Amino acid sequence: MEKVVTFGEVLMRIAPLGNKKLKQSNQLEYYFGGTEANVAISLSQLGNATQHITAVSNDFVGDAAKSYLQKFGVNTSSIINSEHPLGLYFLEVGAVMRSSTISYNRSQTAFSNIDPKEIDWPTILEDCTWFHWTGITPALSYNAYKALKEGLRVANNKGITISADPAYRSNLWNYEKNAFETLNELVSMSNIFIGGPNEINELLTTTFAHTKEGFIAGSKLLMSEHPSIKKVFDKTRISINANWHKIRARMWNGNDYAQTDELEITHVIDRIGTGDAYAAGLIHGLLHYDDVMALEFANASCAIKHTIEGDANLVTEKEILNIIQGNLSGRIIR
Amino acid sequence: MEKVVTFGEVLMRIAPLGNKKLKQSNQLEYYFGGTEANVAISLSQLGNATQHITAVSNDFVGDAAKSYLQKFGVNTSSIINSEHPLGLYFLEVGAVMRSSTISYNRSQTAFSNIDPKEIDWPTILEDCTWFHWTGITPALSYNAYKALKEGLRVANNKGITISADPAYRSNLWNYEKNAFETLNELVSMSNIFIGGPNEINELLTTTFAHTKEGFIAGSKLLMSEHPSIKKVFDKTRISINANWHKIRARMWNGNDYAQTDELEITHVIDRIGTGDAYAAGLIHGLLHYDDVMALEFANASCAIKHTIEGDANLVTEKEILNIIQGNLSGRIIR
Amino acid sequence: MEKVVTFGEVLMRIAPLGNKKLKQSNQLEYYFGGTEANVAISLSQLGNATQHITAVSNDFVGDAAKSYLQKFGVNTSSIINSEHPLGLYFLEVGAVMRSSTISYNRSQTAFSNIDPKEIDWPTILEDCTWFHWTGITPALSYNAYKALKEGLRVANNKGITISADPAYRSNLWNYEKNAFETLNELVSMSNIFIGGPNEINELLTTTFAHTKEGFIAGSKLLMSEHPSIKKVFDKTRISINANWHKIRARMWNGNDYAQTDELEITHVIDRIGTGDAYAAGLIHGLLHYDDVMALEFANASCAIKHTIEGDANLVTEKEILNIIQGNLSGRIIR
Amino acid sequence: MEKVVTFGEVLMRIAPLGNKKLKQSNQLEYYFGGTEANVAISLSQLGNATQHITAVSNDFVGDAAKSYLQKFGVNTSSIINSEHPLGLYFLEVGAVMRSSTISYNRSQTAFSNIDPKEIDWPTILEDCTWFHWTGITPALSYNAYKALKEGLRVANNKGITISADPAYRSNLWNYEKNAFETLNELVSMSNIFIGGPNEINELLTTTFAHTKEGFIAGSKLLMSEHPSIKKVFDKTRISINANWHKIRARMWNGNDYAQTDELEITHVIDRIGTGDAYAAGLIHGLLHYDDVMALEFANASCAIKHTIEGDANLVTEKEILNIIQGNLSGRIIR
Amino acid sequence: MEKVVTFGEVLMRIAPLGNKKLKQSNQLEYYFGGTEANVAISLSQLGNATQHITAVSNDFVGDAAKSYLQKFGVNTSSIINSEHPLGLYFLEVGAVMRSSTISYNRSQTAFSNIDPKEIDWPTILEDCTWFHWTGITPALSYNAYKALKEGLRVANNKGITISADPAYRSNLWNYEKNAFETLNELVSMSNIFIGGPNEINELLTTTFAHTKEGFIAGSKLLMSEHPSIKKVFDKTRISINANWHKIRARMWNGNDYAQTDELEITHVIDRIGTGDAYAAGLIHGLLHYDDVMALEFANASCAIKHTIEGDANLVTEKEILNIIQGNLSGRIIR
Amino acid sequence: MEKVVTFGEVLMRIAPLGNKKLKQSNQLEYYFGGTEANVAISLSQLGNATQHITAVSNDFVGDAAKSYLQKFGVNTSSIINSEHPLGLYFLEVGAVMRSSTISYNRSQTAFSNIDPKEIDWPTILEDCTWFHWTGITPALSYNAYKALKEGLRVANNKGITISADPAYRSNLWNYEKNAFETLNELVSMSNIFIGGPNEINELLTTTFAHTKEGFIAGSKLLMSEHPSIKKVFDKTRISINANWHKIRARMWNGNDYAQTDELEITHVIDRIGTGDAYAAGLIHGLLHYDDVMALEFANASCAIKHTIEGDANLVTEKEILNIIQGNLSGRIIR
């Protein structure tokens, strides 16, 4: 079984129970997450070998983070132990028209202080089939950017497929590197692009519409600017409110356009990590099925994540296939 | 006040909180249930005298099960204490298109090892008006089947009304008796049939449609095959998804067909035991009202159970009558 | 910063978790509330100086009540310590067509036994801009009525704006005073009327319809009967069921009629205190904006309260303005 | 199986978890208790038939109280449903040198407003062997006193053994009856006195020392003043602090003095209801064993209650006999 | 890093919170344990590579069990997925003189139905240094015995050190094999004996005293009967009560006797698994230190386990060394 | 009522429940604390006016911190809102010989980035009687040191009494200022010294013994080196283990030596903040009583804090006086 490697910050998510405000109760619940780690956990639950590379604090908090990844089957043997604390965020969960809010504490963390030299990419990527990164990582620090770029370089040399989810978060980039220049550089080293007109417009300073036509035209331009990119996968979301969403996925693989049916989530349990569930479903689909089925897999994976508490999508392949086959009634399985 | 007697396995239901997967948290919650015990508890809450016959483990777990039934007013004085453990199941609660899943541990339990000779049916049924059984019981073991059959025999001799909910669960029948032969034998000793075309088709190897016509024709055939059956009660359910259901009840009492309005449950709290709530509402209705009102009572009882946590329907007659009168807005009662 | 003063009973609300019946679990959760205190807390969260006048038990329960108010920024320095217990209520939370039910324990409480002489209204109202009262207070006891009337008298002398929410609760009035005579007396000392045809009809023994026309005609009559009243604010609510509501606000300010768009709450988290959230939003709006914006503020404040656990509306002005601007998708704020 | 009847107020006990102050957390836990109900529950757990007579609120709180008693096997069929609320108290649990504190809300409760005519003592006491009362009941109200006295009169007529635990609580007596006159009157209708020099001194205005000699002399005087009293049972307690107690029991039965060994509770789990556990153990002992064994049973029952959460002693006869046999190491039973 | 392999049943432990009886609350907490798995987890926390061999149910319960082991670093790659349920037990935690009680549900479990042929011992033991077994395993079923014996055979062939903890539990042996004959057979294939006069007397039908002399003499006889045994390790425990213990360890290694100082646990947090902590500490000690230090390590490991919730000893080597160095004051480490 | 002003970092404390390791459960509990804020809260609970000066994050976490202080009566009106996150720490609670461990996340916090110019000391200290600081503050950052020094300068000018708790924590000082030079500078601006031979030896590079003689000699030297210091207060602690402590307080006020009796805490509930409780008790004592009584107050306050969950001592003056009067049995107060 060849493995998928992910690289990125692990964050502790701390939240009051239910829809309470932090000041309403002294009870909290935690999960560990982080966009790339979520992908690794989800891929592991789907039956793939996975390894996550990150840095955690050299104490019981970092130990708990590693234990969390191990619990869900992710290899943690190359995680770096750091003198700096683990990043974390507090979450207050909204409802209906009230937004959830997040308070980050991730500025001087174990991951952002990572020393690129401590990562032995050649060994880590030895038996690796797929490498996944997101735009969060280069945003966090120069060191994180350097470490990621070196990983991509080694992966390219080994012919490993690289998926990029270059989501740009303006409030994270707080060091001198130009965000879009950096992202373009990293995308040019990647093969699968997870994003649509919004992301393409940011990268290429274009104005493609969110329509099918805009998506295809944008994808084509992206592929011509970054010839390493072979396929583009996107999703569209309609948020009626915080509890009621509709999603649909679409792709351009250089030859064909495809889109899925819309899936409706009338009672959202947890919104966080649904994009990561999409990415994990996509990677799993591309590893084991054809492009159209991979798209269906990504969409169903994203949809079902809305029913899972925590950051990562803890469902089996069987549960996702069940949705793709149109079984949406949620009947009890005895 | 004459009593209703029920007979069947009491199961402990153990589940993580909310929509969590078992592996996500070390916190659990339990209820005691079991389809026939749920009917007894619900009838007790509606103001009827009830007694439940079962076997439980001879330790603090069995003691807790009996205490649970007592708490809700069910007579436990003839429950058998066994050397075998109490049956139980773990539940993971799904949402939207994600199914709830159940892991049973009920193969060598106190109930399936019940010794029919230990049940003193003549005494138990002395002041009894109604006896209720389901198809789960004969499925569990030959002993359970024998004990049930003897109970039905004694009840028949005493002229007690017998309601049958012969739901067939294929994965439960794991001993040599033929399931449908057995169920037909027991139905032929009963008076009120709770089921529709699906159940009739299984019993009589027919193919009645789920339509009104199919329901009536099937009911007529059932009554001619099993002349002891005098009335047939059914419900139809549309599951938009795990959180959003619509239900409606219908009946054929030998002379008349009737059906209720549809009740819509837009935010399901707990799906388990809603069929038992239907049965309990029906029995209560038939004991205290006419057939059509009993049908309304069954439907409203089933609907409101979707808003109650746990296996049994813990509502009062007043709350059900309120729904039958069309008060569906759920306003606060101060 | 000039302050808003409120006067009324503080109640402890005790409830089992989730949708459980009290007898289902030994776990409870509590909040402190009370219609006028809820208004004070909400106004405080919106950035206003507030002070609440009440009486609490002279022990750790009363101390916890005061601490609760302080936590949310309400001045408690003139709260009376009493030998009598704090009022409280138990709540069982319903769902869909099942009503929530409340069991009150508020007959011989610290507040209903309040001694009007213990309240130094002239000092309390010294730097006060706004005084708010509701019809609950005069219903509770003669002493409470006397204390309120004296507060209104002093406030009138100082030219303080007085808002009245004269909700009539028949089951509360259990002393000899005539309810409607009393309420009319107190309304005639007030300036802002929070209520519509229902409340006006009760006060004036009229039969205005709940339509726009009925609302305007009723408001005009009220203003002519009670010339101190300058503006009337109302809201309409459609309860599809306990979990799904639609609300809209309207006003008559002597010259103009206005109404807001309808806001839909598809997944109600907590229904209690939404009327108080309306009042607080209205007062805040009238203190800082024009009438129409105040109406929008009241409506949005009421709507978002349905997503907040507990009795009081713990949201910021920014969150409410966001809704008024039409941002209803509940997107995560990072 | 002949039954033990108890009569007294059922109180809801509400407390924050662990050693928290009420204001420290919004999480609470509840139990139902009350000194006489605790005795009934404990006797029921020891295998005796029991019935408790009281009044509860006619709503879901009163329903929960009755369910609680039923759960532990106490007959609730003659409990009165009242328009008044159930009594309750809040508890903050201390530790070491910090005292636990209690805030009562029991002044105008269902029980204190009990109508003596509503209790059908002749029927209730028909198959009764033992009647137990405490000094709390006559303290609560004149009605409660009248109802108790009538119960004692009927019990006397039927030759039922009556145990009296005449604990005097000064802060409860708030109506005109003289406390000690009343208690003497009721003791003169009883047979078993649970109390020692403290209680005797209060009743007879004497000054017996707490020594063995004082205990015997006091008991003799009590028996001569109240010839119906045949035996006196007492316990002594050394409280090193809130978590560490030592107890010992003694008796004078008219002929013999006896005392038990000291039992040491080094890690107290719950102090409340240990006196009631003593009374229940004593009654059970006197019903099934000789006086000295009854004394041992009372002492062991009291000791083990310190390890049980909640108000009532939920242990089996086997667990108590185990202690009497000197097995104090608390080894795991598999 | 060479690994330690353990083999045995994984049990789910389910318990109400704190010292509650099961019937007192619907809240539960779970851990996974099992004597051999506890050893594996503890060794893993101490920094050793470990692998546990067992069978679990082929559903979300078994998945949770495997995830639990993975979380703490134990290799689960050779665990068998079974159609049978996972074994479990309920626990009520006692205090002081009240015993904890356990209700087992482990008769027809995944492990007891294990098929010896499904275990590929040669591969599993390839890079293994140490194999550990206990007397629980052969007691559970003939299949379990066969599988264990085959494992020992292969381990012997590979020269792997084998530690035996042959604790005899009479209530577990419920198949035809003679318990002591079986245990002697398995001990004769082992090298390190964890047990003292009690265990030796059971195996050899002798009557050695629990004294130092009895321990040495018994150890010598055991070694002469079973020459494969090279060292014997024992511990003595004084249970003042369920919350207060004193322990001490001793050994005979064929040449020398040694014993540790007594460690006193004045406030026991969790008694379960302290013997397994001893075994794990011992194995770690023998792998990394000399015999006397291994004995100290076993004793300190056992002592500190009394302060850890759950079945397994989740402490680091540093924490144990700290105790061995005499730092017993439990000061906060910042 | 004149107020006490404190200045220092507010930290959020996050911990798993009970004695669990972080990785054992996803449930957490939080408190806000910080050594100086703890003093303010405790003084507020004792009836004094208090104000705390700090900086918190400008989001819902900082808002919760302020609400927490307000709840316990501390004035928060001059707290600075910062762009930086609030400091926090994770706690794993040990037992017996297992140490509690703390993982800090306080390096780039709102407080350590405080801008001294933002604090308007002259206004804050206007109606202030007492100012309290600790050695944690100057350790955190140069900015914090500068802000504190300016506060002391203004306080000195106004003749405000200043208490210093100059606890030196080596792992906190991570900027260029020399720790002991800095502490001496700040102590020389203070009047009451809370510390003994350990602290004096660190400041003055001496070797006074921990005996009475060493304490007095050290205090005399300290007073001669820092003539502003008028009184020295100390406590001694014997930690039998993490759950069992003994404490005693002593003082030298320039003329007299005094020491208290030893108080024994056999069942420690929470060790954190006991030193702060000592300081708060001392300040309260010195504000309201003589030196010897202040010493008793400090000791009793420290002792009872061991029974309070969380960081701050939430007890009343009455509870402390009760201990001083020798009432240590922890009897229930009804």
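Letters A, B, C, D, E and F name the chains as they come in the text, with residue numbers starting at 1 for each one.
Following the convention adopted for this analysis, a contact is a pair of C-beta atoms (placed from the backbone, for glycine too) under 8 Å apart; a residue touches a chain by one contact, two chains touch by 3 or more.
Note that the coordinates shown come from a computational prediction; the quantities given were computed from them, not determined experimentally.
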Touching chain B and also chain F, the following chains: A, C, D, E
Copies chain E and chain F touch via same or different residues, half shared test: different
Angle of the C-alpha superposing rotation, chain D to chain F, to the nearest 5 degrees: 120
Centre-of-Cα separation between chain E and chain B, whole angstrom: 44
Between chain E and chain A, distance of the C-alpha-averaged centres to the nearest whole Å: 41
For chain F, residues contacting two or more additional chains: 21, 23-24, 26-27, 67-68, 71, 101, 104, 267
Residue ranges of chain F touching chain D (in the complex, touch as defined): 71, 263, 265-267, 269, 303-304, 306-310, 314-315, 319, 322-323, 327-334
Chain F partner contacts - residues on chain D that touch it in the complex: 18-21, 23-24, 94-102, 104, 169, 171, 239-244, 267, 271-272
Chain F-touching residues of chain A, taken from the complex the two chains share: 14, 21-23, 26-31, 57, 59-61, 63-64, 67-68, 85-86, 88, 90, 92, 101, 103-105, 107-108
Footprint of chain E on chain A - complex, ascending: 67-68, 70-73
Chain A contact footprint on chain D (complex, rising order): 24-27
